[in-house]
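Across the two complexes that follow, chain A remains constant while its partner is chain B and subsequently chain C.
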Partner chain A sequence: MQPKLLELHFSQLQTEWVTSKYNNYSDDRKNIYHEKLATIIEGLGKEDFASLDDSQIQERYWVIFFVFKSLEFLNHSTRSTIPFEMVYVLEVALKEWSPGDDYIIVTSLTNGMNEFSFDGSLSFYPFIYTYIENLYSVSFDYKLVQINLPESTSRDYLANVVLYHELGHFIEKKFAITRVIYAELLAAIRRADPAELNNIYRYFPYLRLPAKVDEFEKRYEEYNQLSMHISEYFCDLFASQYIKDCSNFYLEYVTLNQAVESTTHPSTINRIIFINEYLDNKGGFVLSEYKRIVERITGIEIGYKGKDFSTANFESLIPVEVKELSELHGLFHYGWKVWLGEWENIRQKAEIQFTLSNADVYAIINNLIEKSIGNFIVKNEWELIKV
Partner chain B sequence: MNLVKADIDQLIQQGKLTISPLLDPKQVGDMAIDFRLGTDFLVAIDGSNPFIDASLNNNDKFPIKNSFQETRRKLGETFLFHPHQTVLASSLEYVKLPRDVYVELTMRSSYLRLGLSLASIVQPGYCGCFSIELTNVNKIPVNLTVGAAIMQARLFKISAESNYFAKRRKYMCQVRPLISAVATDGDFIHLHEIWKRNNYHT
Partner chain C sequence: MNNRYFRTSFILAYLLFFMLNRHYMLYSYNPENEKLTQFAVLLDRAVKGEASYVSVVNDVIHQTHQFAAGEKTLYDINRDLTNIILLLSEADKDYFEHLADNPEKYDQQTYQRVLSLITPNQTTTV
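Coming up: the complex of A and B.
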């Protein structure tokens, strides 16, 4: 790359920084992270790019990429933009799987409908951190867990159950779970036990083709079909530990219950079967391999991590008084149950004498989930300080 | 009849009055309940609309939402309230009122003295966070703390119960300030038709 092109890239970053440098966060960890970005930008500004060789230019390219990417998410995680109720519950789940305080969940609000995704570029590219430390003597105590979600539904808690799946992608990558399951499934195919094969083919039908098996045996790549499908099943399983079958409902309407797999995702039908079998305590070889391998790698047993509660508060139009962290996850399941249930219950309990529209019920459920989470956060913060 | 502390405590214990969260029992005073400033705000801005149109005559051209900007704060953070600015906010507490109790909401004296005003009536049976429409009539900005008890509610018992949901409500179970739905007032259709009849000949 010519130095002039790197200068162009850095000029773009400086333009972005003119506004981003004034970001305000409600989280001191982000403030610390932000200050380190400032140090890097200052360091880059003092350099003469024209005097750098190709490899030095490449290092700066990645450093600039890192700062840009960080700002892409931090700009949407400021105190005035962050959907902090949703981020709070995701951080509760994150801490169970990654107990250290070294990751911060940040969100980027996208324009596209259904654009939920995990971006691992700041969590899993260790070489960039090495460049930054060597060049600017900056080391990061915290790394960002980047989650994209649509701006239009950032406060839609029924849709946002999908974010548990996206958090699953972070956990899966952190522990390299897919790689191990990948190897174990191919080993099982070589063993050719009929019951195991039958179960593998159910979730990965294309593995019936010997050429496909050969292809996957020759090379593991993070972005080949099998590895991506294994990863998706894991993330569904991860999410269902917190929200049970809620993400199935979302999947159904987003994919129209797609019967055929794509290169990146298994068929929706198979994904739903997989989760339902887990929730019903059924499941065969594949599910038991997932459970066995996840526990072996992480030390954490796959199982329901939420806490059920019995309430009819939403039907009475009042928030749920959440008493412990694990109950937070149950709010999503409860919200979906109300949405899929008979709205007549709400009408009767609240003595509503007009016809409730879809939009009414949608707003009521989302508002009450948000307020239930928000009240828990507020009460916790209030009670932590003893004056 | 103005409800006093014993009445209010009894309603809460009986589950007839919901206040969630009630961070400090001392919020319930002898004759009023203190309510706290919530986390969400809609701030009036000078947008591209030439005016806020409280009519149906131009409403499709000048949506009210273009004149407000949403922002959030967390508990303990502050919100800078500029002179003569209109800000829509909410109480931190979610409330469900009994069917025979209405509320008169005013600023607490300490905040009135800063130049902030609020006067609002909340109907019996209402549920949701209180919507508050604040104006800073002072000449200098005021920095408000989210979670501070800035307003007080006096509760009044009425002689007969009324059902808040006997008719469709514009704002149900709201947990953050919402843009004015003035254009959905039933009278407006009537008035708009009069205006059309007088101004358009078909």
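Coming up: the complex of A and C.
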């Protein structure tokens, strides 16, 4: 029975591979990764599944899962499908936190509106890599950082500021940041310092209930309410280092400024307060614990990592000439500033004779952000070739 | 017992594969369980004498020992293994605390014991 199920699973993979094997990527690292998948599939094809015992079948199950999951994202990360400019900027941020060139950001385009998420199954299951190396002598130089985003807005640079938040999920899992904050907050509750408690209750109101505290202390789970809320606050904080309060605008709208927390997310009101306190250089115990713990684990201080520039280029329909990497993040802030500002400025500066519609401004801002990033990439690549 | 455990978890894992891509799920799961399931496979291969898995298994057990004995803290244990080290340590702190400092002393009996600690932690339910 079990080998037959494994045969079924492998048949599904082989069917998928019929089309995926022709994928064409703009990034050589993905081509190398793809070739390794081919070697694994070839190895699986040579095996006699009927002769395997239970744990050997499980190993193959996870290997097939791994290849399938890789293809799910690589299929949407080809030359023609990947939101290239956005991914480029996210990789700039990623490299600040993980300087070794051992991660590749890949995307999967979803059908639903606002379906942004991070999937850690290829980055944080270290034992699958052990199986693969042992069974098929394949070792991966790169791991995939999987980010889901809606296909309909994949080139919307205003909405896509929330991808910094999704990248934050990768960072907090890579460094097990949530796990440490979880332990430290529960320890603080036991210390019962009134000032600390007041600040903890502000962001995690349910921790006023001793039974809840007991439950969280008894067993940590990555998907329990406290750990998910800690993680969401961290990701908001992570994102605001690059795009300041830009994701607040979008978040506030898509959640209808939700006043009550859910099991997965804190209330939007609290999330926005948390970020604004950070941006205004205020904040109490919880924020200072986040900062302390992140710095101790990663060696990196939480702080603004983008660079602002004063320009009216977008209003004049001209891309911004980005001179350094940190300015790439500033483009989103500038784009939001123009969107939220007076559109009449664009009409006047660009000497446009007709009234601009919201669709016109939307297209202008997105095109200009994309062009600004694209021009920087071309210039940067050209400089590298010259060297 | 192990065969039954692997058979059940294989079927559940297979169902999981189909369910994860949907907006609703037939049953609950959590990533810790998946990591534990994957580690259990390594332990089973080590119990069966597969030398190529021994060093990985020994590393996890040794780091759990260091954490349980207070030689390492939450801040300096391996970040990839943080949750699994904490889960193992919580499952039987005393056992890991008193394990040998030298991982070369871990043997099939050790792997079998750790495997038996993991099995009851599998809480996936259909």
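Just so we're on the same page, the second predicted complex is superposed on the first by the 385 of 387 C-alpha atoms of A that agree within 3 Å, B and C clash if a C-alpha of one lies under 4 Å from a C-alpha of the other, contacts with A are read in each partner's own complex, and residues count from 1 in each chain.
What we mean here is this: contacts are C-beta pairs under 8 Å (C-beta built on N, C-alpha and C of every residue); 3 or more make two chains touch, one makes a residue touch a chain.
Just so you know, these numbers come straight off a predicted model, no measurement behind them.
Taken together through their common chain A, the two structures put chain B and chain C side by side without a clash. By the touch criterion defined above, A:Q2 reaches chain C but does not reach chain B. When both complexes are overlaid on chain A, the residue A:W62 reaches chain C alone and has no touch with chain B. Shared-chain residue A:A183: touches chain C; no touch with chain B.
Contact with chain C, but none with chain B, is seen for A:F127 once the two complexes are overlaid on the shared chain. In the superposed model, A:K174 makes contact with chain C only, not with chain B. In the superposed pair of complexes, A:Y304 makes contact with neither chain B nor chain C.
Following the chain A superposition, chain B and chain C show a smallest Cα-Cα distance of 27 angstrom.
Residue overlap on chain A between its contacts with chain B in one complex and with chain C in the other: absent. For chain C in complex with chain A, the residues that touch the partner chain are 2-3, 6-7, 9-11, 13-14, 17, 30-32, 34-35, 37-42, 44-45, 48, 52-53, 56, 74-75, 79-83, 86, 90.
Of all the residues in chain A, the ones that touch chain C in their complex are 2, 5, 9, 54-59, 61-62, 65, 68, 120, 124-128, 130-131, 134, 174-176, 179-180, 183, 219-223, 296-297. By the touch criterion given at the top, residues 26, 79-82, 84, 316-319, 321, 350-354, 360, 363-364, 367-368, 370-371, 374-375, 377-379, 381-382 of chain A touch chain B in their complex. Across the complex, chain A is touched by residues 18, 20-21, 23, 39, 71-77, 92, 94, 96, 127-129, 147, 163, 165-168, 172-175 of chain B.
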